[in-house]
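Please find the structures below.
In the two complexes that follow, chain A is the common piece, with chain B as its partner first and chain C second.
Moving on to the complex of A and B:
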């Protein structure tokens, strides 16, 4: 049957196309591993896994854009820009411990002395 | 739970690509900034998972669904993600349905054609056979795709290792600085404890 052979052939092409125009850039399997490392999670629905993967991509894009638009030096993006955005933007508050503002040891010790 | 700690990292090459696309062309992204965003992204996944899971628990459901994720985005003050996510979800649903619908349509077309020929009994048998064959094919597909994903992951990880080798010295220094601070603090705390104990004695 001609239709049948055309069908299986198309399937191969579809698979190849999927590789180049995949819906997600980040690996879904890896995101699932990270999600599973949360102790209270039970079952992860297909759609929620896809959405969290996609949201993470948007998040990376968002934090990069925000940091760049607020930085003085428009030619480069450095750690300080990110830490500044985390400090300024309420939505990034959850990263306060992950991306702390860098403080020189000298200044930190100074502030300790001042407090005591 | 993850078996290795590096399983919780996202591929650096993908993070770099998304960041490069987010900022104007020619802007250099420092290695430290990229590592920080990579770490932040992993934390974001856990944070979003936890927020979404709260909604699933509230609804006394075991499975995390799309609505939970949207509710989580609102909680996290990332409302601006909801609209693009809804679009992506539609694409995703479309793709998931795509295969099924396509095969159903083909079946429909064929059975219509065969009805026109008036060979009902033969049609039933052949469509049954096709059903079982398609099921088998679908299962194979799922397995194959997962295997491919893992392969890709490994490839990317390999690339990362190479990159890290080059800049190892830089990274090492950073880590050392942090560790030194920590040890100092710990030392101070221990000293205080000892003093207290001695005084009590």
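Moving on to the complex of A and C:
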């Protein structure tokens, strides 16, 4: 499913941010800590940090809304909905390890048998 | 899912902030706990993904600091070009807020006058103070001299008066030795 450009849904995020004088909803300091946990990351400027924080917020919005649109029951969101998004959207391929589609035990055992 | 907490597990987006976001994005939708946990993990992965790509772009550009341009280029190349527009407006807001803060801190400390102007005014005040002090000292000296001159004048007049009345006898040759004491 192609990604919408411009994100008309983002007005939701804008409204949330306007409630306070902060520029971001997620704490910038925490995002910096997460980044720094990777040893090869060099120096990052303050504005770049804000950008990545904002991008992460957009990502949450993106994945939450895409997952919800795939759920059968519009009142709930379950793991399966999230996993589905990884399959459908190429940009989310990087999440394949984090969101593996749950495999039925017997299918797994079957594949083990096939490989031996 | 890891059972025990490794240091990496503590490095994630704060759960409360995330829950609040999800609540406002999908109001009246029941989101299972494991879904929330997964969205959290996805966030961490996303942050690593973007930083890593931005870092690569930074290294290629031979710059030392990851700049906003590197981040924007990274988002685009990873397939998140749709985020660019909103990211750019946050960048503009950032710059505006930073500029406002700099102007505000200058003004608050100096009552609306920039630092250079204040220094100039201070120098003027010092120069004026030195001038006034010099004038005062000059006047005092003149007054002192005038007072001394007046005193001398008075003494002289007194002496002349006394001589005129004859109270002071011109010294007789015989008493010359005594009078020389005055």
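In the analysis below, the second predicted complex is superposed on the first by the 93 of 116 C-alpha atoms of A that agree within 3 Å, B and C clash if a C-alpha of one lies under 4 Å from a C-alpha of the other, contacts with A are read in each partner's own complex, and residues count from 1 in each chain.
Heads up, the rule we're going with is that contacts are C-beta pairs under 8 Å (C-beta built on N, C-alpha and C of every residue); 3 or more make two chains touch, one makes a residue touch a chain.
In this text the structure is predicted, and so the values were computed from the model without any measurement.
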When the two structures are laid over each other on chain A, do chain B and chain C clash or fit?
clash
Using the superposition on chain A described above, determine whether A:59 touches chain B (first), chain C (second), both, or neither.
both
Have a look at where A:29 lands relative to chain B and chain C in the superposition and call it first, second, both or neither.
first
In the superposed arrangement, which partner chain does A:50 touch: chain B (first), chain C (second), both, or neither?
both
Which chain A residues lie in the overlap of the chain B contact set and the chain C contact set?
3, 7, 23, 25-27, 30-31, 33-35, 37-38, 40-48, 50-52, 54-65, 67-68, 74-79, 81-82, 90-91, 94-95, 98-99
Touching chain A in the complex: which residues of chain C?
8, 11-14, 17-18, 20-22, 24-26, 28-32, 34-35, 38-39, 41-52, 54-55, 58-59, 64-68, 70-72, 75, 78-83, 85-87, 90-91, 93-95, 97
Chain A - residues contacting chain C, complex:
3-7, 10, 12-13, 16, 23-27, 30-31, 33-35, 37-38, 40-48, 50-52, 54-65, 67-68, 74-79, 81-82, 90-91, 94-95, 98-99
Chain B-facing residues of chain A, complex
3, 7, 19, 23, 25-31, 33-38, 40-52, 54-65, 67-68, 74-79, 81-83, 90-91, 94-95, 98-99, 105, 108
With touch defined as at the start, can you tell me which chain B residues reach chain A in the complex?
1-2, 7-8, 10-11, 14-15, 17-19, 21-24, 26-30, 32-33, 36-37, 39-50, 52-53, 57, 62-66, 68-70, 73, 76-78, 80-81, 84-85, 88-89, 91-93, 95-96, 106, 110, 146, 148-150, 152-153, 156, 177, 181
